[in-house]
Amino acid sequence: MKQRLKPGFIALAALAYIVVPLTLGTNNYVMSVIIASLVIGCVALSWALLGNLGGMISFGHSAFFGVGAYASALATTTLGLPVAAGLPLGGLGAAAASLAMLPVLRLRGPYFALAILAYAHIFRIIATEWSSVTRGAAGISGIPALPVVLGHDFSGKTGAYLVILTIVTLFGLAYTLINRSHHGLALRAMHGSEDATRVIGVNSTLLKGAMLLVSAFMAGVAGAFNAHYINFLDPDYAFNGLWVTLPIVAAIFGGYRTIAGPVLGAVFVSLADQLVFKELLPTGHQLVLGALLVAMIMLSPGGLLPLLRSLGSGRHA
Amino acid sequence: MTELILQALYSGLLQGGSYALIALGLALVFGTMKIINLAHGELVLLAAYVAYTAESQLGWGPVAAIPLALLATGMAAVGVHWTVGRIKQDREINSLLLTFGIGVILTNAILLTWKADVRSTSSSWLQEAFVVGPLYSMRSEIIFFAVSLALLAALWWWLSSSWYGRALRAVSSNRDAAKLMGINPGRVELVSFVVAGILAAFAGVALFSYGVIQPAYGGALTVKAFIITVLAGVGSIPGVLLGAVLLGVCEALTVTLASSSLQELAGMTLFLLVLFVLPNGLFGAVARRG
Amino acid sequence: EEFLVGAELPMSGALARVGSGMHEGVMVAAEVFNRNNGKHKVKILTVDDESTPAKAIAAVEKLASQGVVAITGGYGSNNIAPASDAANKLKLVYMTSGGVDDSLVSRGSRNFFRINNTAGYERAVLGLLDEMGAKSVSIVYSTKDATSDLAVSVQKALASKGVKAEAHSFDPAITDFKPIINKVKLQDKSEVLLMVGYENDYVGILRAARVLKPSLKALVGVWSLATPKMAAEFPDLMPNVYGTALLPFPATFETADGKAFADTYRQLYKKEPDYLGQFGYVQASLLFDAIARAADKGTVRKGGIADELRKTDRGTLIGRVQFAANGDNPNFVHRMGQHQDKKIAIVWPKEHATGKMAYPAVPW
Amino acid sequence: MLELDQLSVRFGGLMALDGVSLKAGGGDVLGLVGPNGAGKTTLFNAISGLVKPTGGGIRFEGRDVLRTPMHGRARLGIGRTFQIPQPLHQLTVRENLVVAQRFGAGKVDRARLDDILDFTGLAAKAESDAATGLALTELKALEVAKALATEPRLLLLDEVLAGLETTGKRRFMAMLGELHRRYGVGIVIIEHDIDTISTLCHRVAVLNFGQLIADGTPDEVFRDPAVIKSYTGADHA
Amino acid sequence: MLEVEGLRAGYGAINVLWDVSLAAQPGRLTAIIGPNGAGKTTLLRAIMGLIPATSGQVRLHGAPLGGTPTWDMAAAGVAMIPEGRMIFRDMSVEENLIVGAFPAAHRAHARERLEASYAMFPRLRERRRQLAGALSGGEAQMLALARGLMSDPRLLIVDEPSLGLAPVMVTELFDILARLKREGRTIVLVEQNTERAVAIADHVYLMQTGKVVLSQPADQVSLPDLHRLYFSR
């Protein structure tokens, strides 16, 4: 299985790193849709990691996304740090925010999902009300763009694309490593019964806490990237519910138990929505997206990836 | 100051009643099937828009619109049930995405049908003040508070004492065992969805009578309903009322004693605090371990 | 010659209502322009920005890739800022009336233009309050960007004039306004209630006020309040309420431009025009004129549109419009209307007034 | 060596355990018997940390473990099985054991894992999905295997023999005896069948309504009239 | 009363039962014994329709059941008392019992049968308000048995009822089974406690790896032979 995926992965990477910039690099609009989809994909990956490994379904990933965005935006505007430092700082900021959430680790299922959502709301209100630091509802504009490194301008579409693509790829690899480790095994085992894993010596709270931190970091970096890419931020946008719903849709659509699934799901859903459905139905095009989702769940509940796989094997057989 | 606080408590209580009404359908489906119907807010909104159409096109008052709203949400609920019933694996998570998708469809269908305008009832009778001593409210709030209590009581009785209610809980507890007892899970779940649809219809008409509606509003309704359901403790109907009133009162007091920009903050903080003390909600049962 | 002009507006999401209202005005402007200008034609390409900044940027980029010569639209300063930045990078003129934030014009963008601003709203509100001679004002405002901006500067201005001004901000998510109004009633005891929010907020506030009946002398709001739609839909909430309004209702369009707008609007949309349509119409008309002039000079693709816009000086439905170097319209002053007998009378400023202001007067 | 001192657990109005003092381990096989609902499983739960005692103390190898979290107690060497088997979800049988070994014993030793699979008769099912592909008794065997993989010094077995066919039971008992001999693991086993207990155990403790009513060699205990009455319901010996 | 013919069934791709045929005579107790994993539980699940049969037939009173949904079995007078803890964990003990009388014809008798259940298992009366999920293993087993009897079944299918019961309760259990048989009910019993099962059975089947390997009237069964068969795997 793992062996079979490898050539696929290399082909995909080549496609993403070489073919896409060469063929689409000059089409600003398509590139911006793709970049946006990768941002969603990054959050989707972080969400799926928490769901698949931590066994925790979160409705509040916008909390991490928003905190990451604000952390990096403030670090670069107010403190004047370079953007390259801002991105990891965004991740760390989100991870630090997730420390405040450690008490929710003892909650289960929907209790956990909503507690995180409550944090997202609280963070949004803090960002609105604490205007001396966050500049309140007016938001932060003029956030520095991605820098020029070694003569390569990353603030352009292709540059930004390569940056977010690399971020997503690195996170995907990190996820793979965790997943394949014994810790990954123990984490997945916990879903059925946490007691059962604890009595064999697994410190489940610690492991779950670690996953929350990792997931928060990933979503935070995505938020930070987005802030520097859009150059603008306000509380409603940074903590928007869309940063939860779209990634969830993307992750489950692609197959949230897989690693490539959430990212591919995000790319597929965004491209289909923006490039196809929006053409067909300029307002209310999400209706088609909704219908597609419903059809997907009824036809291939495991997501896009298993569907493709079964189609593929069907053809070979 | 006492007058302010009294009014805040009263407003919070009434607000709680309306929250409870909105949450009830979601709590029912969640409590009996472990399915989070993310399209619930949209069902409520659909009923509200049906009431709007009845008022603006046919000149019917909100109360007269209830049967129409029931028809609309009832059918929509059957639709949701039908799709949820097709899910073969990972029901809990897939139903989440499925109902989310249905919610998206409904939101956009509402947007396309009724446009983005803000709507509310134009009946002035419902908006008149209803005054008891120092306490002020609208007639519509009082009426639907009473409706909310009545529906809560009815639902509570139905779930705890009727055969269907028991069957519902049995199915959610252990599907195979329920079949062995002669219970057809598909059928009782359909009933549960339809009842949730009925509750959504009442909630929608109520919303139209004392509040304003907009197509994008459904998601916020779902979140509110969901928060109350969880605050209550899964499956607890009295918990829904208690949780909703607690939230309403907490919000109203925040407005009065601090600022209304902190209202949401206070509500969410209350929610978290309750969960930290009672991880299974106000009335949630604690399962045996080992 | 036919020119493609982009309209980037929220047609879905939270701002869908205002976005589609403004879009109607833009479409009317195109219709009128194509009918009157024999030489050039414009064609509107619309892309929904779904009320979010990232989609707004993408919308601008999409329009650019389709070959538009300029962009009109945008609603909400927070969507307009990134979208107009993107347009500026692509050297496209961005014309709007949907964002009043001051930061929009302080960025030094050469291609950004707008016909209205916070200052114009503030002047109108303050002028009205001044005329009323209000001694104490309670300001109830939404924590959103544009609303809190306006509310805070009005509060400052009032305070500097020695008027007692209490401000209460509210989260846009709230629905029950009784606790706030009760504070106005029992604590502030103000003469005037100033509401800075959106339609749904006004309805909530006015209902709460009608129930609690604080001893006010007037209720004043800002945009989306003194409109025919509100008069028709909430007949018992609106009487005597003030709000910003460009035109009285029923509208008496005196100028040829105004008549053309109103007739075309009714013809296309089978309803009475409202202020969003008017703003959309004005901004788009000015843009189309500039395009036509630039086309005559052959400078459309060479930055000519921006140059032509800078030379604009025209009387419009919203008054005289000129553009300063930063793209702002320094002449903009809003007018205040009052709901009277299911009609709307302009009551401030004096020179445009169509009726006498009823004061003190409340809806109940 | 496990020492319980006046251990009590209360559920609402019910005293599930009422001042139980008991020593176990130290190379003994201790049988824990008693009528249904006597508190046997609750005793295991308290020892392994699933249930918080309302009173009393627990010491393991001289150390107070009352505040040690569940996973800490497992790492100290207290292994247990669940009366209702709880396989690890989404994992194969082998992976179940890998996790137990890695986290419970702090190492991965493939050879020993294969040993345990053989020992518990699960070798043929090693690659099956643990949660969905096993019959009840296989699940019980997996419970034991998991506990063994953590290399416990004290093993708490909750009705692992119930439901086993006679031959399987014999095999399993032999296995436990061997375990005890080979690794010096102390065993506490809950079991209802008196014959089994008599063959397997050096000592027997009897619980009734949360109280310890007898503690001694099987011969002594099963001659005690109080035990006979509470346990077999018969008045005759 | 119940006839199974050439039944094949399993879980997804895994087939467990290989052409199983057996019959339960009315008013008799039929015991099915066999080593662990032989497919006894699978057989009972297939009879009840909880898992689909891939081939073969189940007949009740001579009429094929083919495709009758599980929930119609109760009204037809068939009850299965499942192994393990298939109780309604988040309902109270009493509610569990009441749900046992769900088929319309039995609802009116729910109260009196409830009393009978409590008389049978006083332990359950003590725990009546408690959530069933908090019961001990043996208590849960009693509850499952009592709940199955709430619909006064003519055909009773029982899967390892003695599992986890203390000796005094096991004796009690077999007394109850004997009484039910005396009342004229048909019983299919899967039991690991071979001696006691054979002692009250009328007919005995031995299953091994998904097949029936022995069918004998109970009085002809010799326990030593039976155990030897077990070994011959």
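Each chain carries a letter (A, B, C, D and E) given by its place in the written order, and its residues are counted from 1.
The rule we apply is simple: contacts are C-beta pairs under 8 Å (C-beta built on N, C-alpha and C of every residue); 3 or more make two chains touch, one makes a residue touch a chain.
What you see is a predicted model; the values in this text were computed from it and never measured.
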Any chain that touches chain E and chain C: B
Relative to chain E, chain with the most remote C-alpha centre: C
Centre-to-centre distance between chain E and chain B (centres being mean Cα positions), rounded to whole Å: 42
Centre-of-Cα separation between chain C and chain B, whole angstrom: 36
Between chain D and chain C, distance of the C-alpha-averaged centres to the nearest whole Å: 75
Interface hub residues of chain B, defined as touching at least two other chains: 108, 111, 261-262, 264, 289-290
Per-residue multi-chain contacts in chain E, two or more chains: 134-135
Of all residues in chain D, the ones touching two or more other chains: 41, 48, 50, 82-83
Every chain pair meeting the contact rule: A-B, A-C, A-D, B-C, B-D, B-E, D-E
Sites on chain B touched by chain E in the complex: 163, 166-167, 169-170, 172-174, 176-185, 235, 285, 287-288
Sites on chain C touched by chain B in the complex: 12-14, 16-17, 19-20, 143, 168-171, 173-176, 178-180, 182-183, 186-187, 198-200, 203-204, 207, 210-213, 229, 233-237
Residues on chain D engaged by chain E in the complex (per definition of touch): 11, 33-38, 40-41, 83-84, 132-133, 135-138, 159, 162-168, 192-194, 231-234
List of chain D residues in touch with chain B within their complex: 41, 44-45, 48, 50-51, 82-83
Chain A residues touching chain B - in the complex, by the definition given at the top: 51, 57, 103-104, 106-108, 110-111, 114-115, 117-119, 121-122, 125-126, 128-129, 195, 241, 245, 248-249, 252-253, 256, 283-287, 289-294, 297-298, 301-302
